[in-house]
Each structure stands twice: as structure tokens, then as C-alpha cells.
Amino acid sequence: MKKYFITDIKAGDFIDDIFVLSEKNLAQKKDGNNFLNVTLSDKTGTIKGVVWDNVDQVSAGVSSGDFVHIRGSVNEYREAFQLVIKNMEKCSADVINPSDFLPTTSRDIESMFERLLKITSSVKTVYLKKLIQAFWNDKEFVREFKTAPAGKKMHHAYIGGLLEHTLSMVSLAEKVAGHYGGIDRDLLIAGALLHDIGKTKEFEYQFRIDYTTRGRLLNHIVIGIEMVDEKLSGIKDFPEDQMVMLKHMILSHHGMREFGSPEPPKTIEAVILNYIDEIDSKVNGIRDFMAKEDPNEPWTSYHRLYERHFYKGKKNQ
Amino acid sequence: MKKYFITDIKAGDFIDDIFVLSEKNLAQKKDGNNFLNVTLSDKTGTIKGVVWDNVDQVSAGVSSGDFVHIRGSVNEYREAFQLVIKNMEKCSADVINPSDFLPTTSRDIESMFERLLKITSSVKTVYLKKLIQAFWNDKEFVREFKTAPAGKKMHHAYIGGLLEHTLSMVSLAEKVAGHYGGIDRDLLIAGALLHDIGKTKEFEYQFRIDYTTRGRLLNHIVIGIEMVDEKLSGIKDFPEDQMVMLKHMILSHHGMREFGSPEPPKTIEAVILNYIDEIDSKVNGIRDFMAKEDPNEPWTSYHRLYERHFYKGKKNQ
Amino acid sequence: MKKYFITDIKAGDFIDDIFVLSEKNLAQKKDGNNFLNVTLSDKTGTIKGVVWDNVDQVSAGVSSGDFVHIRGSVNEYREAFQLVIKNMEKCSADVINPSDFLPTTSRDIESMFERLLKITSSVKTVYLKKLIQAFWNDKEFVREFKTAPAGKKMHHAYIGGLLEHTLSMVSLAEKVAGHYGGIDRDLLIAGALLHDIGKTKEFEYQFRIDYTTRGRLLNHIVIGIEMVDEKLSGIKDFPEDQMVMLKHMILSHHGMREFGSPEPPKTIEAVILNYIDEIDSKVNGIRDFMAKEDPNEPWTSYHRLYERHFYKGKKNQ
Amino acid sequence: MKKYFITDIKAGDFIDDIFVLSEKNLAQKKDGNNFLNVTLSDKTGTIKGVVWDNVDQVSAGVSSGDFVHIRGSVNEYREAFQLVIKNMEKCSADVINPSDFLPTTSRDIESMFERLLKITSSVKTVYLKKLIQAFWNDKEFVREFKTAPAGKKMHHAYIGGLLEHTLSMVSLAEKVAGHYGGIDRDLLIAGALLHDIGKTKEFEYQFRIDYTTRGRLLNHIVIGIEMVDEKLSGIKDFPEDQMVMLKHMILSHHGMREFGSPEPPKTIEAVILNYIDEIDSKVNGIRDFMAKEDPNEPWTSYHRLYERHFYKGKKNQ
Amino acid sequence: MKKYFITDIKAGDFIDDIFVLSEKNLAQKKDGNNFLNVTLSDKTGTIKGVVWDNVDQVSAGVSSGDFVHIRGSVNEYREAFQLVIKNMEKCSADVINPSDFLPTTSRDIESMFERLLKITSSVKTVYLKKLIQAFWNDKEFVREFKTAPAGKKMHHAYIGGLLEHTLSMVSLAEKVAGHYGGIDRDLLIAGALLHDIGKTKEFEYQFRIDYTTRGRLLNHIVIGIEMVDEKLSGIKDFPEDQMVMLKHMILSHHGMREFGSPEPPKTIEAVILNYIDEIDSKVNGIRDFMAKEDPNEPWTSYHRLYERHFYKGKKNQ
Amino acid sequence: MKKYFITDIKAGDFIDDIFVLSEKNLAQKKDGNNFLNVTLSDKTGTIKGVVWDNVDQVSAGVSSGDFVHIRGSVNEYREAFQLVIKNMEKCSADVINPSDFLPTTSRDIESMFERLLKITSSVKTVYLKKLIQAFWNDKEFVREFKTAPAGKKMHHAYIGGLLEHTLSMVSLAEKVAGHYGGIDRDLLIAGALLHDIGKTKEFEYQFRIDYTTRGRLLNHIVIGIEMVDEKLSGIKDFPEDQMVMLKHMILSHHGMREFGSPEPPKTIEAVILNYIDEIDSKVNGIRDFMAKEDPNEPWTSYHRLYERHFYKGKKNQ
């Protein structure tokens, strides 16, 4: 449907496509007439726009948050692109494809899910197998798990990001369990699978990715444990020790109290889970950051959270 | 039953009473004969003891962890008291009174519980009232709640300590809610009541006060939320917003991630709960620390956790 | 006098009222003619303005920092209001009411002061009573104490804020002293009364609220102790121990060295004072922050200092 | 040679074997005669001993740090074993086997080295290959690299520990490079191989494992870069960018300035190296700690550095 | 050559001089025609400029990073100066004087260098003397050492800053060594001389001051040790102990791991070097910050890194 | 008077001299008779002692804290010296010389004071001169200032230590003020002179060095400012700005809030004062620590507060 994305914009383009109207502000020209400043967005970014003609009529027809059909042309203004909008009309959410407006994993969701099913089906420990099956049997959960992001900004911050991150984690868990002897492989895989499931409720991700009230007040760690508890209540005689160690992996996976884990990892499996989560979230987060930066520069700009510039290397030029 | 407590010991006393045998070690004198070093404890403290005669026979009859009937006399040795034990025999747990061996609140448990019931019965918000009632209807919970300690060492570290701390908190909550207008009093009281209930499972407190495996791996914050969830599953239509704010109070009551709260307090009620918990735990912890120190000194010794000496003042001399 | 406040501004209004001229900048239009950009403020906020006509003459008559009489109309420009000023003239500080230009407590200063007098008159300890009386007898102190703010931005950041905060603290001190036995109530009340008196000199608050040079170099904690010392020099035989414990409460009331207390609280009364100061400053600071935010949103924006969003709850909508 | 190790000691044993004389102190009995307190050690631990007879003669023949031939019997004294020494004579370092006196990897050094050679021979990047070869051609380096420990206490703190850790790291590097596309595999393997080589000079490990003066003043990170520089000086035209990225991996492998890295990791390969070093050092360190603890207890004692107890699980009982 | 500097700009000036073209952006006027926004800089600051006429032709002739010959006049626009450019042409780097475009020490480089030579020639310790001489014999090093800055922003952030800082440090080292007996004066002077030499490679400072890739990945501490190693490789029999203590001074001169030193100072000389570096960098950094602020204000604006306002005092008004 | 000091003790010595009885404990031999364990101290250290005969009579005549006249002989017991005491009698504090029992500066107090007077007499600024004179005119202050220590353990922890530290600081202040132009030399010298005067009241140092109650509750920073205030109250028209800057130097001289300064240094003079205090306290503290360590070892033992070993260097062997 949508063919024109903000990331591809060039001065001189003529645009006839759908965007989210993120912001809208009426203003007054020096001659006393109104004009309309707007911000438009799609999954690839945001752009400022301006309406000079029929301002009051156009403005009355749209609200911030609407999907809007835009017709207009691209100028440069003060070192940035600006859309000079000829026409803007609200359009129904029914006709739009959400994945045009939210960033989405570049990988195929169904095939990732198939691979995840396959690895997790190798779990032999009886009760862990039952617990995993309980999640896969929950259609609502599976639907959300396939689309949820793993973050708002930090890493895997796109539709399908939670699945992509979880698959990568489960696969790393398998490799590390094979590397060291004496690891409880099934427990490690179950922990990797379930460590972030609370993110299905911590975020909303229908039209934008943001924290839910429940997410901000309870955190995905606590929500995740509640979700496991709910499934456990349907499994008779789940061994106490296994249950406690599994929940411990979920609650300790941030590694330190400073990062939101009420307890630090106290089993070998929990220690490993914490570090493979660090690897996978950092590799993804740094690479996404690098990908958004000027490809001609060997260094990225300053990453505020990680407090450093990253080096892409001269090989990438 | 037990009449002689370690805190009252004087050189020259003759002892005929029951203690916990905390540690036991066989050793060898220079003349090649064995002797037995032991550590004994009751709710008031610990004392070293030694068996010089019938060593092998005495040693064979007792294991560390047993309750033992001791007969012997008190000497001073290397600036500390030492029990020279004539006889030591295991005795059954049935005949002993646990409260002789664990430190216990100095206040009356039943009358504290009555006062708590009275304050919490003033909660009018329908669903919070139902939730509180669900806890009071759970006999097993009430039994544990009345005896659990609120800490291993830090504060209210004695049988009945959780109840004493909770009653004080609920009462402070009432006062502060009355002080400021616009506080959700019922929510604050419910939060104060439930904030530490996870401690009923975080500790074992039958014969000694120590962390359980579940307590060390899951922490009373997470256990407390699980306990609330279990009761909520029996209450139909509990309002989502109230539920999330109540659980948020439990999980944020340590105030900072560094202290084990996965999220900091984000509502006024959660902010207040955190500070009245600070007041009540510190006032109790510091006073208990002061009470154990030399009453003739205006200053306490150094408190390792709080990293300071405390001043009891010349008025206390 | 002043009838029109910045907070009430609407596009299209015509304005004829007095403001503080916070900033003034001459600039040049492309046609070579000058125009004047200004920032105006009153107790409710700030607004940008512009003078297109008679620029040089208008500009010559006013300096930044002046009270100015403005006549002009309100436009919208770049998503904000802008005053298009027809006339701007300096007016004398004599005719203006400072409370129009500085934010002021919403409560009645005299009745708050009466209540404070009443509570502090209940102090029976002889020398503490003398010390408190020495402050009440100092007319200059009382005048400043009634008007000083308790902060520049953080909490009670308005005229009368110090009095409002002190009254709340003294009242909380009374409640907590009643809650626990064995507290030196008079000492706690005296500490609550005097803990922030240094703020009368740490801030200037005649036409704007800002730090004084003395405040920035010496801090209200040290200034407060100097003020107590000055009064103590007029009281014969003040008991050394009481004096030291009282000053200790002032210097330790921030709780930690990191927060500016040279020593942490080392008496029970100092520990309690620190926490009730935390409660009262946070409750006030968070509520003021909430009150300035969009009333239709359940969450506030991000609070930079407390590093979180706050939840006002759906009940507030 | 040596058949009797301290870890196997039992009361009543008669001993006739070689130990390191770690400490020696003359003391005086109440009857005025001298006796000799000593501490003896081998790779499995330490034991206290005492000489009652021929004290002056025995004492004159040995110095602390000597290897000594001991004859005597094992008693228990004050809850610990004590050697009652009949005879103690110095013996030459020539006749002893150092691996009896230093803890040593449980794995075969030569076969570990073979596996390491094989993996590193898969590096194809020309100059990295040359650099690795330069190290393998350095006989002195190889000798030290095969025996050096990777720590004094923390992890792999035994002869052969550096090799064991390096082999594990290189193998993990290979697995993680295969897991993610787009990693410079050869660079990551070279970094894993060289990241800790400075430890060959940071420690002395001939008769005991301890820091060298150079190690304490310069740190293995800086020593490692010096060692790479020395080899690089023999390789013509080594590409500047590759050299800088490789050294960066060595200097940033502790991850944060707080942990001794002058710069944090700024390339994807350096980020990964840091985390696999965390995994391998923690897994080894925690397991060694667990192995030394009571096998009948599910929890370890408190680990001072990691600030927690670790859970071995009931499955291990 | 260059006579007109940005710091001296006044509205109405006509400009005919050379600048660095830092940024260049084509934009579109509302009438559809292009104009050109540029940023120009010299050693004294930056200024915005605009080209209204012959835009495409002018734009085609220059690239960002070029030295450009500008002709135009100065206007005020939105409270800042703006250059309205009539003509802009690229000019060759040959005809320009770099010191016009980079901020430069206010002191004479050659006479500072003479003084440094004199002090360092007083070093009598044979091998330290040889090492210092090896640096002075390296023409390339001397050339860079005389021009390098000691920082990008923090302190001595100008051409010649490294020399100025080093001279001040060496002189302070001499004074402090004289103040205390028993200091190894020659070692302290050598450490002061060499502590920051890595900055000659950490920064580029030909046309702008910025970090090099090597600087960002390796840090001047490690580069400095490499540079010392390179000179040491040419000096036979340099005493090991002296070498290690000297390098230790370089690597520990930031005082704490948090500030980038892999080890903290462990010798008296290293401890002193760290503190005189603190004094000299802070005194210079704070004074430069003060000098750039409004001379009529007793307080500076907020210094983000040092997290405070500085007081210049009323004496400076 | 006292001729025999603990530091010079050798096995076999017979002792007839005065010590402080630091601790006293009655204990019981296996035969049922009492004996007395004591700890004795003088300025050079502590020694354990034991009384076997006339125990009850000897014990009754002395209390802990007394000066006692001892007669007895030195044995070795368990790797330490032990005094076998024949006779122990209390002796009057009148006949003892306090400097025998407290560690004292190795330098001459009067000549240090003369040098300090000379440097401070060079202060020309009128009001600073008056203030300094006010302190020198205060006989009580001078007496305490000459004997007070500058610390309990950290640095200059001996009688005369405050004077020694202050003299060194004032001299360093002079040197650094001369090094940099534009420093207010008189202010810096006055700050160096007065920065630690609160230590005259923070410590007691008559028979032992320990914190006073006032010292622990108010800290030498606040006490120092009170002492300055007291002198200022006798000087008419002291300039406000000078007063505030001087007090600011005292309160900010610990450099950071974490170290007890309520504000960080905000003037150049305060910044310098903080660093020269760091230099002088660390140089003294580290050297004293080194001096107490084994002179044959190049490394000191671990310094708990500074968290490192220090290197004395091979040159010292």
C-alpha cells in the first residue's frame, strides 16, 4: 500500500501517501493569516511539514494521532527537509498496514518462530517441557510474543524484536551449555526462552512502541514471573526446586540490583543467562545504532547511554 | 521450663538447663586424650563450653543442631565465660519451648494483632477490603504472619517482628495520610499491611532465623507479589488500576534499584510507604543496636552496615 | 492591580498590564531595520514578545530587570504564543506588588505562622524554649522566615515556602514523636523548626528566587548553624550536650555526605528528622510537578532529578 | 615423589614427606623452654605444626621459604589439625617437583596447547596470522604461557590456568563469531588469544603464585600491549587499523574503567571479547568456589568479592 | 595575513578575510529559489552566514572543510550575528597560517621550550637523562610536542597547550620535590615531563583539534607508554626498576581506575604526580572557563563537567 | 622519667617502668585459681601481660585507664611477647609525662611554630591579618593548636601533627601562589592556616587520641567555621566577601560532598587548597604507613583505606 517512506525522501519529490500525524500546531504569519505546522512519521522516521493554503479547513479535519493521506512536495528549509503540503485528509486505521508505521524485524517472523519451536522441543526435563508447552498452547500469548518489541529504544526495538532476541538467546544458551560440561542445559534454555516474556505486557506496540502503565509500575521482570506463575498453576506437582531456580533466572537476568534485578544471579545457569543477555542486547543495540549513522564516517556519534563513540572501522567505508 | 539464660551468666554459676548445640568439635590434648569444644545458644546469646571427661561417650550422643540438656559450671577463660560441662544429653524437641531459643518480640502478639485488625477494618475501598479479608481468612497465613521475623539481623529480627513492624507501619501510614490531604488512605494502609508479607516465606524461623532457599533466590518482594496474586485470583473483577498500584507499592518499597526494588516509587502513596518503612526499620534497628551496647558509654561501637557510631546521649547514663 | 497573568494567555488577547522585562535583544530585519526581541515574566511564567515599531525609542527607555507596562496583542508563532508589543514603558517598583511576580504559597502566611507559634510554644525544655524565643523575638528574622522560599526549584519553591515546609515538618515531628516512645520530643521539634532557617540567607527572594553568593559558598546548613550560634551567644549556660545534639540535627538533616551533610545522623532524633524532611520535600515537590503537567495524562513527563515518570493515576482524569 | 598431601590429612596419621615451610616462629613455654610454631604448605592447602624437642637445633637448620622434609604425627588441636613434628630438615629444590606445591590445572597442558594451536591456525588474515606465529615461535613465551596462572585467587588460579582460560575463550570466540554474521572472526580469535598474555609477567609462579613488582605497577593489560608491540616491531607493514583494533581489544577487555580498562570497548569485537571473558572467568571462579565448599550444603558460604552466596542446588547433594 | 577575527565582530562590519568553512547547507526560499546557509570559523569562534545571490555558482566552488575567502557584511539576526556573504571562494591551504584558525597558547612556544630544556637538563640520574635526551633528539617528536594541545575541551585545549602544561608540571614537580625531603626528584621530573606525551598522537591538531582513531581506541596513557618503550629500546641496560616506576607514573597519573588509570599511584612520586596534574589541569581549565564568561558577573554559568558554578569574586568586577 | 618503651622490647628483659593499663580481665586457671590478663600501652605500641600471683590484690588496686607502675619480665608466648608481671601499682597522672604515652611529632614544636608565625606575618591584607592575629592572641587556642593531632589514624596522627601539617600546607600554599599569577596569596595562606583548626576540638589528645562527642557530631569543618565566627565577632567591619570566601575554603577543603564538604570548591583558591591538602595528607599518611612496615620488603602490606599496596622501591633495601 504505502510506497513512499520518510527515509527515502529527496528534495523535489512529490508525495502522495499515508503517514501518522504525530503533531499539529496552528500558527500565525506576520500578515495575520494562519498556517499549520505538522510532524509526520512512519516506521522509517519523522519529517516536518507545513500547510499554507486552506489552513482552517485542513486543520479541522485531522487530529494528532490520526493516519493522514498527504499530497505535497519536498523542500529544504534550514538544513532539513520540509514537506509543503497541498492536501491532508484523515484516513481510516482499517486501510493501513501497521507494519508500515512501526519498525519491524528484518527477518521472517514465522520462520524464526519455527526455529524457536524446534530448539525448545529438544528440552527433555519433564516439567520444564510441560511449562514450555503451556505457553505454546496459549494462542493469545503466542500472538503477542511474535509481535512484541524487546525494547522502546535500547535494542530489538521493533515489531518482532522480542522473538528475534529470544531465538538468538536460546541458540546462544545451547552453544554455551555445550561448551561447558555440567550445565543444566534444559534449565538454561527454559530461562533464555522465558526471561523477557513480561515485555509482551510491558509495552504497547499496536500503533507506536511505548511503555504501558503496568509496564512502568511493575517492570517486565515482575510481569514475567506472574505469567510463569499463571502457567504453573495449571501444572500439577511442578518440582519446587526447579520452579524457584527458573524464576530466579528471570528475576536475576539483569545481573545487578542497580539494573533492576531484585537479586543477583546465584546459580551457574543464572550467571550465564545474564551474560548472554548482555551480549545479545549489546550486539543488536550497537549494530542498530551504527546502521543509523553516516556510512562514510568510521566513528559513530556519541551514544548517550553507553557513553562512548563506537568505531565501525575503515573496512566499512 | 528453661530458667537459666546465657545473658545472665556469671562466673561460678552451676547450670542445669537446656540449650541448642550450635557447634561441636573433637580435639586432642597434649597428653593424647580427646576433649570436646562446643558452642551453645539460646535466645539471649551464645557461650563456649568444654567437656573434659567421658568425652567419647558424651560426643557420640549428640549432634550439632540438637537441643541438649547441660549440667556444668561457669568459668572465665581468656576474657570470656566458658562452660565446664559435666554432662550433656540430647533432649526431644517436644519438651522444649521454641520461644526460649529464638529472640521474641517484647510485646504481646495477640494484642498487636487485634490492633492491626482494627485499623485494617477501617479500609472502606471495596476491593482492597476484600483482599485484606482474603488474607485474614487464610489461617495458615495468619499463623505465619504472627510469628515471622522482619529480618535476620537488621531490624525486628525476632519472632513476632514482622507483625510488630507491620502494625507500626500501618499506624504511621494512617498518621501521614491524615497529615496530607489528597492521599489515597486505603491504598496506603493496604500497601503498609502487605509490603513485607513475603518475609513469611523468605525466612525460616522455627528453631533459628535464617533465609530459606526460596527467600535467597526470589526475595520477599517477589514472593509478596506472588502471594497477593494468589489471593487476587480468588477475587472477581478486582480493578486493574488498583491492583497495579498496590503491587507497585510492594515492589518499590525499598526505594531504589540499588536496594532491591525493580522500580523506584512512582506514585505519592508508594513514595510515602518507602519513607515510613525507612523510619520504622531504622528506629527499631538503631534502638536494638543501642540496647545491646554498654549502657555506661554515651557512644555505641561502630555499626558496620550504617557505617557510623551512634550517640545515645549523656541523658541515658 | 495586575489583572492579566501569563498562564491565562490566549491567542487574540489584547494586553495592558505590568511584567518583568527578563531579557531584551536588539536584532536586525533583512530590510536593514531593527526590531526588538524580549522575554517577559510574572509569577505564572514567561512569554516571548517582539516590538516592530519605534524600536529604538522603546528600547532606550527600558533595561532588562525593569518592571514594564506593556500594551500589545497575542499571536501564535512557531507553536508558541508571542506578544506583538505596541508600547512598552518602564514603571516604578513602588507601584507594583512583588507577589504578582513571584510564585507564592497558596496558604495564608499569618495563620500558618500562628499555628507554628502554638506548636513551638509547647516546648518545655528550658533552654530550647529560650532559644526558640530568641528567634521569635528577632523581628528581622521573623520577617524573612515568613517570606523565604524553601527552594529555587525542588520543593516549596515559592514565597512562604520555608514557613509552609517548617510548619509541616514540626507537625510531622510531633506525630512521629508521639508514635514512638522514648523520643526527645522537644529536641525533635526544635530541630524541625530550625533545620532550614539558613535558607533565609541562602536565597534572595525580593524580585526573583535565586541563590545568594553566601548561599552558594556556604550552604544553608552552615549558615543555619551560624544563625543558631549567634542566638546561643545571648543565652547563658546553654547545656553543651543539648547544643551539640541540636546543631547535629541541622548539619545531618540531608542524611548523607553525598547530599551535603558533613556527618550522617547519629542520634535517633536526627535520623527521624532526616526522613520526615525527605517525606515532606518529596510529597510537595512531586505534587507541584504533577500539578504543572497535562491534567489529561495519567503519567507526568520525565522528572530529570528524580529520574522517573510519576503516575497520577486514572482516578485523576 | 611426594605422596602425602595436606588435603588428605587425618588425625593419627604419621607423616614422612616434603612441604614448603611458609612460616616459622620461635616461642617460649611457661616452663621457660622454647618451642617452634610453623606453617607448612603444599598445592592442596596449609597446616600448622609444632616442634617440642631439639627446638634450637631444628630451628637453626631451616628458613621460611625452604622445602623441608618432615617426620611427625597429626593431632587435633583447637578444632584444627596440628602436626607434632619429630624431625624437620631442609631439602634441595632440585629434588622436588614444583607441581606438588602449586595447584595445577586438572587438564592436560600439552593437549590443551595442541587444541589451541589448531584453532589459531585457522586464522587466515595475513598479518594476524604472522603475529600469532611470532608468539608461537618464541620458545620462552610458549614455556611461560603454558604454565602461567590466570589469577592469584579469582579464577583459573593455578598452573596452566592461563592456557586453560585462553583455550576456552578462543573456542567461545569461534562459537559467538559463528552465531552472529558480520563479525571479524579472525580479529576476535586473535584478541581472545592475546587478551591476557601480560599475565605471564604479571605473576610469579615458580614456587608460589603472587604478583610481581612489574605486575603490580604496570598491570597485565599494559604488559600485554608491550608484548604485542615487541612482536609487531618484527613484522613489516602491519596494517595500522588492524593493529589499533587488536590492541584496543586487549586494553578494553575488562569492560569498564572501574575494572582497569583505560577505555571501554568501542568495536563489536571488543564488546564481545569483554563478555565472553566475563562468562569464562565467572563460570570457572564460581565453580572452583563451589568445589571447595561443603558438598552436603546446597548453598556456598558468602563470596566476599561477588557479595553473595551461591546455590549449588539440591540436585548436587 | 588574517586581520579580522570572529571574536571582534560588530554589526555593520564589512568583512574581507579568510575562514574555515565548517558547514554548508543548500536550502530553499519560499519563492522557490535556493540560498546557502554556512558556518564559518577561526581560532576565536564560529559565525553563521548566508548567501542569497549566485547561490549555485558559489556553492559549487567550495566544500565543507575548505579555507574560504569571504566578502560580506555583518547583520544581527535572531539575537546573533549573521554574515550576509557577497562572495565566497576557496583558497589554498598554502597561503594560510594554521595558528589563525586554531586557538593557540598566549605564551611564546620557543621560550617555554627553552625553559623546559633547562629544567630537564638538571636531571642527573644517568638513564633518565639518556631517556629524556632521546626524546629531545627526535625532531619529529619535538615538533609535535611543541604544537600539540593537552585537551580537546577540558584544559590547555589549544596549540602549544601540551608544552605549556608540561612546563608548568615540571616546575611544580621541582617545587614539591624541594618541599619534601626524600623524594626522587629526577624520577618525579621525568614523570612530569613524559606523563602526557601520548597526547601528541591522541589528538589531531592541524586544522582542528579532535581525537584521532588511535587516540580514541588506545588513549594517551597507553600511547605514551608505547612511545617510552620505543625510546627505551634504543638505550642499553636501562635499569628495570627505574623503567617500571617511570611507566607506572605515566599509567597511574589519572589517580583512579574510574578516570582511566589501569592502576592507582603506588609510589610517593606517582601520588604527587597525580595531584600536581590535578592542580595544573583544574587551575587552567577553570580559569579558561572563567575568562570566557561575562566579565560583569561575579559567578560563571554552570560548568557541566565540574557540576558547579565558579565564583570569580567581586574583586574582578 | 620513662626509660623503657614497648617498641624496644626483647625476650628476657626485666621491666620496671610506667605504662597505661588499657585493658584488664580476670580469668580462671584450670586449677580454679584466678589470673589476670592485661594490655599495656605507651606511645610506641601495646603489649599483652599476665599476672599469676597475688592476683586479687593486684587487680583490686588498678582500673583500666590508669597509669600503672609495672615490674616483671618479658617472655615469648604464641609468637608474640608477653609480660609476666610481678607487681603492678597505680601511679598518679601528676608524675607522668603525657608525651611518653602518646605518639608525638619528630620535629620541634616551638621551631615549627616560629616558622608558621613568620610566614603568616607576611600576610598584608588588613582584615585577614587582624583575624590571624586574633588567633595568635588567644593563648588557649595556641596551646591546643601546638599539641593537637591532625588525625586519629589517617595522617599526622600524633601530638603536634596539626601544627606540622598546617606549617607544611602554608608553605605549599606560598609556593603554589608564587607559581601561578593572579592567585590571592593572602587568602590562600589564611585558608591553609585555618582549614583544620576545628581539629583542636574534634579530638581529645591528653592521654589518648580519640574523637570527642562534639567532634563526632559536628565535624572539624563546622567547628572550624564556628571558631572563625567567634574571632570575627571581635573584628569590626570585616569585609563580607572576604569572610565568605575564607569560610568557603574551610568548608570545601575536602573537595567533594562524599568526603564531608557541604559544598565543593568554587573559587580558584579553594580548589588549590583542596589539592595541597590532598598532597600533604597523602604524602604524610603513606610515608608513616611505609615506615611501620618491614624495611626488608619492597612492598608494604595492603592499605585498607587506600585499597592498594605501596611500593617503597628496591632503592630502600
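Here the chain labels run A, B, C, D, E and F in written order, and each chain numbers its own residues starting at 1.
Basically, a contact is a pair of C-beta atoms (placed from the backbone, for glycine too) under 8 Å apart; a residue touches a chain by one contact, two chains touch by 3 or more.
Just so we're clear, the structure is a prediction, and the values are computed from it rather than from any experiment.
Engineer: Give the chains in contact with both chain A and chain F, ordered by label.
Structural biologist: In this structure, the chains that contact chain F and also chain A are B, C, D, E.
Engineer: Taking each chain's centre as the mean of its CA atoms, how far is chain D from chain F in angstrom?
Structural biologist: 42
Engineer: Which chain A residues reach two or more other chains?
Structural biologist: 213, 216-217, 241, 245, 248, 266-267, 309, 311
Engineer: I'd like to see which chains touch which, written out pair by pair.
Structural biologist: Per the contact definition above, the touching pairs are A-B, A-C, A-D, A-E, B-C, B-D, B-F, C-E, C-F, D-E, D-F, E-F.
Engineer: Flag every residue of chain F that touches chain C in the complex, lowest number first.
Structural biologist: Interface residues on the chain F side: 213-214, 216-219, 221-222, 225-226, 229, 233, 240-241, 244-245, 247-248, 251, 257-263, 266-267.
Engineer: Looking at the complex, which residues from chain C come into contact with chain A?
Structural biologist: The touching residues are 11, 75-79, 298-299, 309, 311.
Engineer: List the residues on chain F that touch chain B in their complex, please.
Structural biologist: That would be residues 25-28, 37, 213, 216-217 of chain F.
Engineer: For chain D, which residues count as touching chain A in their complex?
Structural biologist: Touching chain A from chain D are residues 168, 171-172, 175-176, 179-180, 182, 184, 241, 245, 248, 264, 266-268, 271-272, 275-276, 278-279, 282-283, 286-287, 306-311, 313-315.
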